[in-house]
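The structure's right below; bear with me while I get my questions together.
Letters A, B, C, D, E and F mark the chains in the order given here, with residues in each chain numbered from 1 onward.
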Amino acid sequence: MIATRETVSAAPAAQGPQETFVLNLGPQHPAAHGVLRVLMTMEGEWIQRAEPVIGYIHRMHEKMGENRTWAKFLPNTSRIDYLSAMHYTHAFVGAVERAMKIEVPLRAEYARVITSELNRISSHMVWWGALLLDLGGFTPILYAFDDREKILDLLEGLCGARLTYCYYRFGGLYNDVDDEFLRGTRDFVQHLRPRLKMYRDLVTDNVILRKRLTNIGPIDAEMCRRYGATGPVIRGAGVPYDVRRMEPYSVYPRLDFKVPMYPECDSMARYLVRMDEMEQSLRIIEQALDQIPTGPFLAPKVPRVLRLPAGDYSYAVEAARGRFMVRIVSDGKEIPYRVRLRAPSFSNLSLYEEASRGMILPDALAMMGSLDLVIPDIDR
Amino acid sequence: MNATFPFSEYLVTAVFALAAGTTIAGALIAVMTTRIIRSVGGLMITCLGLAGLYYFLHSPFLALMEILIYVGAVCITIVFGVMLSEPDEPAEPRRLTRTLRSAAAALVAVLVGLGLAYLSLQGPWPTAAAGAAPADGSVAAIGRALLTTYSLPFELISIVLLLAILGALVIARGGRHRAEPEAGPARRPAAVSNPGTTPQIEPAGADPVPELVTTDSR
Amino acid sequence: MNPTLDQLIAQFTELIGPEAFAAAAAPAVPPSPPAATAVGTTGASPAAGGGVPVAAAKPAPAPAAPPPPLQATQHALKGYDLDARVAPNQVVDAARLLDRAGFAIDAVTGVDWLAQEEMEIVYDYFHPSQSLRMVVRTRVPRAAPELPSISGVFPGANWHERETHDFFGIRFAGHPNLKPFLLPEDANFHPLRKDYTP
Amino acid sequence: MSLITAIRETFLGFKSLLVGLRITAREASRPIITVQYPRETLKMPARFRGHIKLVLDPETGKPRCTACTLCAKACPSGCIVLDGVKREGDKKKSVSKYELDFTTCSLCGSCVEICPSDAIEFSKEYNVVSLNRDTFENMDLYAKIEAEARAWSAAHPAPPAASPPPAAAPANPTAPASQPLNAPAG
Amino acid sequence: MTFLSLEPIRVLLYLVGICAFVGANAAYLVLAERKGAGRIQRRPGPNEAGWAGWMQPLADGLKLLAKQIMVPPGTDSLLFRLAPLLVMAPPLMCLVTIPFGENVVARDLNLGLLLVFSFGSINVMALMLGGWASRNKYAIISAARVVSQNVAYEIPMLLVVITLLMMTGTMSLQEITAQQAGGFWHWNLFKLWVNPLMPVTFVIFFTCMLAETNRAPFDMAEAESELVAGAFTEYGGMGFGVFFMAEYANIVVGCCLATVLFLGGWQSPIGILSSGAWGLLWFFLKTYALILTVIWIRWTFPRTQFYSLLNLSWKILIPLSLATLLLTGAMMKLPLLWRALS
Amino acid sequence: MNLLELHQQPGVYLVLAAFLMGAGIYGFLRRRTLIGMLISGEIIFAAASLNLMVMNRFFAPDPAVGQVFVLFIMGLAAAEVAIALSIIIAVYRNYRSIGSRELTGLKG
């Protein structure tokens, strides 16, 4: 796609003594993860205006939701944000369960928490590696993928898929968590702790990375609020907003964890939030492993063909990138009347235009990396 | 450098011809082309050829300095200037004027060049040192000369350079600052608040805020 | 900055105005907040164009007895705490009110009620430092769906409104840039309308 | 003061670089962890979800599938097309055609979950490759199960009641070669 | 001045040898880089072509050669074609004067060091012209960066070299090597009793060398996550290949220079066995150790930000190198002063 | 004149210098941008330097004097380029052009 006339002229054109030019960053660019295009009006290396242009892999998931049954939409949910598929399925399943008033067995809830948190760690690892890739460090992504493989192996052994799990079912799980998985998860927790320390020594403490991220890309709490940015972005702005705490779901209220928060509002704060979140996720997993009861993994008497009572219901979860909300509207039929997917990356990216104004290109890309964008999540 | 140049005569002549040819070609490119960036390239080529000629004039030090200063500094500075101002030759409105202008310039140049060449070939040069054991163009001699006979000009040159740096800074920056107020959008983020300040919707007082972990940033 | 549910209810009651409450013929319980939490289950959805009891009795076109314009709902049952139904010209005021109360924009979306010839626009808000979720909804006629944009209040709504315009063809007056967003640049269709066929 | 801080920060920064170098050096001395794919292959876990396949009843050597089409109905992307015939002597219908459009299959497992007779399961093939697009668009699972059934009957030579000759079954004549898929390497 | 003097033949042979050396280095350093990256990242790296991947450079080269050289429309085609030539020439020239062994040097100029630096400065011009001629926004940004970066780092590098020259008193690389004979404690890096600041000088030199050769963490010119491929974005096939080779050739030159200036060149670390082939062995051991360090650094650190890179040069390295220059001068003159006073 | 002795003939160098001078003058007159004129000026400098070197090599009793002068010329040229370019950039900022014809508005 070429810059259209309007988009170019919408930018403050070259008037007055300063000269600008338009840089078309993407849709194929090494730093635009996936097919994101950013139309940058630059003055030298300074960004005057960076307008994200999205929709290149729009798949109209919401329309798909309207032409198939509730159960048939389930696989779609793990394909919106393929890096945190568990959370997305959780939200959809949760919304339907909320409408149907299905009581989910405790074992299934704990299993959901464990798998969700594993998924969060794996998602953060991809982010970590990709951020470092954006910053020009190639090695960390492979270390992260080494550890992430272990998570994927665990989840593959559990539900048979490595990325698009589709593991949760209305009222429970696809299949039971076996002992092998629980043991493997315990081993993994032990394995990851020293690795996280290694990450810290190799990257977090590195002076170059500190210089690249500290005081770069300030996004304050007010901006987060006005744009609806959530997740590590808002927690890096000093607001301890976490759906697991604010609108508790599943068995999170029974678990003891901290919400990492840094008040610096810069890219480093967002970075540190995610790094701390990995440790907190490990804590959560350990507790859940200790507490997980035996019992059924699927609620009894879940009808095969669901007819939700008319009305609208929403369910929000804390996905790896922030607040993911499913809003479903039912008219009492067996297919949804409306499925609305509120994607965190969408809101997080929408503040990019304002936040990147006046930055220079490398910093703006570092900030984009610290937002942890997943383009299919934005485009849906 | 040893006085007896180690190549055989033919090679020497060939290399000399190469150096001279490079100089001529570079100069021609520099003045004939319309694209200014090629012109800079021509200047660079001229300097490379000139360095070769200096070598033949028994001054390798000057040859290397020519490359270091002209190619490494002057040309690059000029290219930088070109990048900042994109000055391709404006097209002459009428063809006739262009031709006339070029012809006049060429005439003057040819006259001057021929005159100088004629003079230099006819001039009664003292032939004292010609062909004799060539002067030692070593660094030591230059250094000694610079620090004894020519120490005052040497110091003056350094002062000139310093002043040039300062002057260039003043002029270039001054333009920028003057241009700033009417520049339109702010260069520096106006919307971005100070990252150090406390956020505005920090949970007030006794809110049901869970325990926070604010690990100090290492 | 951290409003209680009662304060919100009071403010919204004022915003919506008594006429709307009067119009809601049902024995709704307008401003007595905490007791009304049970409403959420029985009153069901205003969105569904007549909840469980009403829909059976009334034919679609005119929801004769609309549910009360302001309902406190149980979060555990609906996923939000307060549900306000405002007139289309009140959404900006509602957004300002919520902005002052420290809410953050969550999502803006539409629902196409084909049978009632209406488009519903739903604004979700969450509070960053408090467990409080708020839904503001309004309806516009399907033939001419237009209402003011709240992107002046919440810049984050800009993208959501563009998306809603893409999908439903709802025009947001005062929106700076209603170009196709997720759809192709030359798209002139609105896929989430119920009568859309590809 | 600020000079001391600056020097200290410079020193610490330099130290952090050395720490980083030490870590990469340590990692470099450890064995490689990647699997050299064509030479080494992975063993898929028991619950691995590959493409689906029909299951042979180990008792009778026939497909378990009764062509009830529940799987086709449960499939979100409608990628299963199957048909059954009632063969003489059988009480129930049995499958006579089972095609999977693997290009649209999302491996969600709904079909396996819903199958009342456990007649479908996931294969463990993870490196399905072909030069022919048709291999995936019309993945003929019935042809495969036929081949398996033949192998079964070859391995269980004629018990008292001779099993119906599988060749007589109305196999899809236009189906591609029965083994278009690579075996899981080895 | 005999017509059949062996000297021209010798020099020609050296030129051919240097070209071959640069070519082989460029090819196999790419392999070494990929293998090294693989080791650090715990994967084998290229291992299919030939035994353990030894034929990989050949395969890469063939691929690059087979590609069409495209000159995109809108470029300044003359400069576009000229730039790869210009970028390859300087490292070849620089290697002429590097002493690889006791008697292995193409031409031992007494201004060898100056030659290396003057030809090294052409490199910038080539990248800049290539970037400019591409008519690509990324390439132009990259070209501007290359220039600011190289100008910024040439200064501390020259200052450091001047410091060294004050100690050695000669610009002939062979003589500098000869001065460092007799065990590693005679190397300039460890001549702490002459100048205790030598390690600092070496670190500055090495940093500047990384920056001058556009190596990570200072690879501003081709910061692939920002500028796609920087100045080479529009180059394909062998055009790109030549830039790539020149990059490695520059690294080789830089590391050779560092070896000669600081690590004693072909002098053995134990004081004996530096003559003949041994000298070559020591020289290449040291040089390749440095090159491996360069590779190691690349795969460990993220890229610096451009402005902090310039700050590093202008605010830290230049003052530091100036300080070392002054201190070294003072230290060298101190004995004289002492003698004069006493 | 022996062709093989070409590089030892001062006349050759002098003619070359004269050619450079002519080229420089031609460029200086023909160019209509400041940078183009600057480049032509550099070529004139080069001609002068070459002349000085020839004098030094063939005619001067003191071996260093010409070289020292050429060094001075280089230093001056560097300074001149720096200043000239900063002026050019400043002019460009204010006039959006560095064509010498458009700069009639410059006043002392």
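As a working rule, contacts are C-beta pairs under 8 Å (C-beta built on N, C-alpha and C of every residue); 3 or more make two chains touch, one makes a residue touch a chain.
These numbers come from a predicted model, not from an experiment.
> Would you mind checking which pair of chains has the most C-beta pairs in contact?
Greatest count of contact pairs is found between chains B-F.
> Point out which chain occupies the most central position, where each centre is the mean of Cα atoms.
The chain sitting closest to the overall C-alpha centre is A.
> What whole-number Å value describes the gap between the mean CA coordinates of chain A and chain B?
52
> Taking each chain's centre as its mean C-alpha position, how far apart are chain C and chain E in Å?
Inter-chain centre distance comes to 66 Å.
> Distance-wise, how many Å sit between the C-alpha centres of chain E and chain F, to the nearest whole number?
32
> Between chain C and chain D, what's the gap in Å when you average each chain's C-alpha atoms?
The answer is 46 Å.
> Considering chain A alone, which of its residues make contact with at least two other chains?
Expected reply: 17, 139, 143, 146, 202-203, 205-206, 208, 221, 225, 239-240, 354.
> Which residue numbers or ranges of chain D touch two or more of the other chains?
17, 20, 23-24, 27, 33
> Going through chain B residue by residue, note those that touch at least 2 other chains and give them in order.
Answer for chain B, listing residues that touch two or more other chains: 9, 61, 65, 73, 80, 82, 179, 201-203, 209.
> Spell out the part of chain B that touches chain E in their complex, as residue ranges.
Residue positions touching the partner: 1, 4, 6-9, 11, 35, 37-38, 41, 44, 60-61, 64-65, 67-68, 71-73, 75-76, 79-80, 82-83, 138-139.
> Looking at the complex, which residues from chain E come into contact with chain D?
36, 38-44, 47, 296-297, 299-301, 316
> Mind pulling up the chain A residues that touch chain D in the complex?
For chain A paired with chain D, touching residues are 68, 71-76, 79, 139, 143, 146, 153, 156-161, 164, 166, 174-175, 198, 201-203, 205-208, 210, 304.
> So in the complex, which bits of chain E are touching chain A?
Residues in contact with chain A: 37, 40-43, 137-138, 141, 216-217, 219, 223-226, 228, 299-308.
> Which chain D residues qualify as touching chain A in the complex?
So the residues of chain D in touch with chain A come to 9, 12-14, 16-17, 19-20, 23-24, 27, 33, 45-49, 74-76, 106-110, 113-114, 122.
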